[in-house]
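First up is the structure itself, then whatever we jot down about it.
Chain IDs A, B, C and D follow the sequence of writing; residue 1 opens each chain.
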Amino acid sequence: MAIRTLVWGENVHEQTNKTVAGIYPEGMHTQIAKLLAADEEISVKTTTLQEPEHGLTERALGETDVLVWWGHQAHGDVGDEIVERVAKRVWEGMGLIVLHSGHFSKIFKRLMGSPCALNWREAGERERLWVVNPGHPIARGLPAYFEIENEEMYGEPFSVPEPLETVFVSWFQGGEVFRSGLTYRRGAGNVFYFRPGHETYPTYHHETVGLVLRNAVNWAYNPERYPTITTAPNVPVENALEPIEARGGSVHAEGQEGFR
Amino acid sequence: MAIRTLVWGENVHEQTNKTVAGIYPEGMHTQIAKLLAADEEISVKTTTLQEPEHGLTERALGETDVLVWWGHQAHGDVGDEIVERVAKRVWEGMGLIVLHSGHFSKIFKRLMGSPCALNWREAGERERLWVVNPGHPIARGLPAYFEIENEEMYGEPFSVPEPLETVFVSWFQGGEVFRSGLTYRRGAGNVFYFRPGHETYPTYHHETVGLVLRNAVNWAYNPERYPTITTAPNVPVENALEPIEARGGSVHAEGQEGFR
Amino acid sequence: MAIRTLVWGENVHEQTNKTVAGIYPEGMHTQIAKLLAADEEISVKTTTLQEPEHGLTERALGETDVLVWWGHQAHGDVGDEIVERVAKRVWEGMGLIVLHSGHFSKIFKRLMGSPCALNWREAGERERLWVVNPGHPIARGLPAYFEIENEEMYGEPFSVPEPLETVFVSWFQGGEVFRSGLTYRRGAGNVFYFRPGHETYPTYHHETVGLVLRNAVNWAYNPERYPTITTAPNVPVENALEPIEARGGSVHAEGQEGFR
Amino acid sequence: MAIRTLVWGENVHEQTNKTVAGIYPEGMHTQIAKLLAADEEISVKTTTLQEPEHGLTERALGETDVLVWWGHQAHGDVGDEIVERVAKRVWEGMGLIVLHSGHFSKIFKRLMGSPCALNWREAGERERLWVVNPGHPIARGLPAYFEIENEEMYGEPFSVPEPLETVFVSWFQGGEVFRSGLTYRRGAGNVFYFRPGHETYPTYHHETVGLVLRNAVNWAYNPERYPTITTAPNVPVENALEPIEARGGSVHAEGQEGFR
């Protein structure tokens, strides 16, 4: 009963930028999947933007426990109806892990309800991620900190809602800081944002990054689904758990659905 | 320097349902505004769905510190571009108080990123709101609990994100409970959801409800605006706060904006 | 590699009150342990206040992954040094589940840093627990609500810190509500407070209560320990991760420990 | 109706260390008070460890709306009964602002229920505080970041509970990060921890530090007091809000107080 994990890759930079293609000859999604496959509790598939329905068909999502998302240049090419479909699956219990530039993906902004903006600099500087919540399952087995020698800088303020918990905070060589690992729940679905992963650096060849991603998939996994989480059922008076009688005026005819 | 507060009313039930018209002959928004006006620190205006741009023009929002929202039957008639405009203002620092059936308003769902669903029953039953967070500014001056003799029931689960703080929890005669007062921050804007206020009962003639609303406006008020909260500026290497040199590959041409 | 769980029972009412002895002839702790043992991932032991060091020796705690605490009449008899020992183990990663009247136990108040007070009534009234967070691991497999026909009432305000997440809210027949399932993290240890369990009613014979407790043990389990979580090590200048030189005045002699 | 603020200073380093005495010839508490007095809504007094009852008599606390705490070397000299007295006042609604080395003060550890440990280095290095929550009242009027050229380093993990909100995160020259501004509520009292303020550097002569402290006092101010927050009153059956009849067994004699 492995955790069925789907890695979604935008797969654009790999086709157009020689540096990226050199680091990730099989695509970033393939390398991310390799990191996850090192955990035998995780069974991994990959798909990309270029597939029909971006590879995120009802069937594919129905067979997915945790979705991992990497996108950047082509956020705008993701269909709105696909975004709504993914959001609904998250609310019903599918986990979602959003990586790096995915902070501006439609699905992350949809679930956060906030701008998700930040400052940035692409200079290959040193990033040092500090574990600020050592008992959190996503930090399991990690050292006190780990370094990524070359990364893009993301700087605060990161305009996201206050998280359930902050797991990592990054130090950058150029003087900025960033909350690099943040957890959320939306409906019955667990959401984790993890900052590192710029396409022009070999971040997804970093051993500790792999451990974080495997931990995150395990943390985000919810074996149950709650298809009723989006429904707003009427409870008729005669079915009330304690006996009551209807009083006062009404705008709803008997048996009518609520307004949405 | 009063808090410029705008009460937005859908103003549909008042025109179509005799019970509602009888309780709120000048409209629900007008009565809500009267409750707020009892605080001399609050200056109140009202507007409705029927106004051009639903009364939510750039200019009107530019003169608003806190927006109070009551809608129900006509959620779907609110223009999407108006919803985005209001969301942006909230992110920049405008407060938002969402009332009762507004849980399914486009603006609330937009800011929560979750279904915002619940169970309901329109039976005029007794609701008792308990203060679970007596030190919260929104609970200031309140008794340990207060009762509304006739209200619509809303029952858990209420599929919203875990709030910053829970202020009220409701007991219902028919056997349900509901988290009735929830606080959020989205960008620089404070958001408060307050449950009571069904149109067929005189809830907005209830003295304690008025006190809650006045407290909520005071709590939600942020005198500052942050127009940059949606921007993602590049920080050039030469402007880094600590001296660094660019290393590694790049996908961004010099001076290029980030991808959204 | 089962979760080593220790059920701690005060074991006083069982010896002095016929009603309690009739419901729990082998002691409440024994019955709670039976509920847990239904999960084959959990290996259970029990101990009581009357044992040397209340059964909470360094060795016993060293072999415990999750501690379950039921106490009431004899909170004051628990030794302060034992409380500190348990708190330290929680900070290092041991899970803790505090039941019912344990809200006033020394260990819970120690970890919360707040009064942990509430209103109460011992009248055997009906309690209905609503799941307000259906996707939370502690709610796994539960129905939308469950009822306990006879329970002591606990009413808000419950003066505890805002939890990480609220899992259950209770409705009481006499008109009160209570946040009945609350999660916290203290250091590396997960803490769950669960309200039901008054000694004069057969609450720990309730099937759904058993499921909640088994879920809670699984949720609270952290396989790692962090013995350094209470230390405040000095990082000498020469060991700084980035090269710096000491500047300015000093109150600490070289190699001196910090002040506590 | 100014906010009655009491600055508590340990006042030991000023008497024993020439560097500290040179920077704060009238004591650190006096300089902190000067920063606060720049806000005409704040009326400030000071007191020190050396006063009878450390200057924290029932009367003094009864006249205090917000207490500001600076201590370091002499944490252990603060009487336990005074700590309990202060904690009780916080629970009842008094605000508390804990500065810098106060992370290890008895009162802060008492209210947090966690180790409050961290890593540290006294090397006068550069600290840059980033505002991560620009809409928070404590960040009002602040720039995106501010620098303190010489400070002691505090590094993560900071073993405190997850805060209500994180306001500041610090970057340190030597490579560490720290969550430098954290908000909590304990009972009805607002608590703010603010990191900077090492005694051997002129931090409390920094203009922006003064603005943060003034904002924090305004945020922490609660005009109400809740003396009942530590009580656990019994609600007799005959006073139940909804009519019920007592059922089942009992351990409490009629009118008996609860067990603590």
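The definition used in the following text is that a residue touches a chain if its C-beta (ideal position, glycine included) is under 8 Å from a C-beta of that chain, and two chains touch if they have at least 3 such contacts.
Just so we're clear, the structure is a prediction, and the values are computed from it rather than from any experiment.
Common neighbours of subunit A and subunit B (chains touching each): C, D. Interface residue usage between subunit B and subunit C, two copies of one sequence, is largely shared: over half of the residue numbers at the contact are used by both copies. When chain centres are defined as mean Cα coordinates, B lies farthest from subunit C.
More C-beta pairs in contact connect the chains of A-D than those of the other pair, out of A-D and B-D. The distance from the centre of subunit C to the centre of subunit D, with each centre set as the mean of the Cα atoms, comes to 27 Å.
If you average the CA atoms of subunit A and of subunit D, the two centres end up 36 Å from each other.
The mean-CA centres of subunit B and subunit D are about 31 angstrom from one another, to the nearest whole unit.
Looking at subunit A, residues 128, 133-134, 155, 157, 162, 164-165, 175-176, 185, 187, 229, 241-242 sit in touch with two or more other chains. Judged by the touch criterion defined above, the protein chains are all mutually in contact, each touching every other. For subunit D in complex with subunit B, the residues that touch the partner chain are 93, 128, 133-137, 140-141, 145, 164-165, 173, 185, 187-190, 222-224, 226, 229, 241-242. In the complex of the two chains, the subunit C residues touching subunit D come out as 13, 17, 19-20, 72-76, 87, 91, 101, 104, 110-115, 117-125, 150, 153, 155, 157, 159, 161-162, 164, 173-176, 184-187, 199-201, 229-237, 240-242, 244-252, 258-260.
Taken in their complex, subunit D has these residues touching subunit A: 128, 130-134, 144, 155-158, 162, 164-166, 169-172, 175-177, 179.
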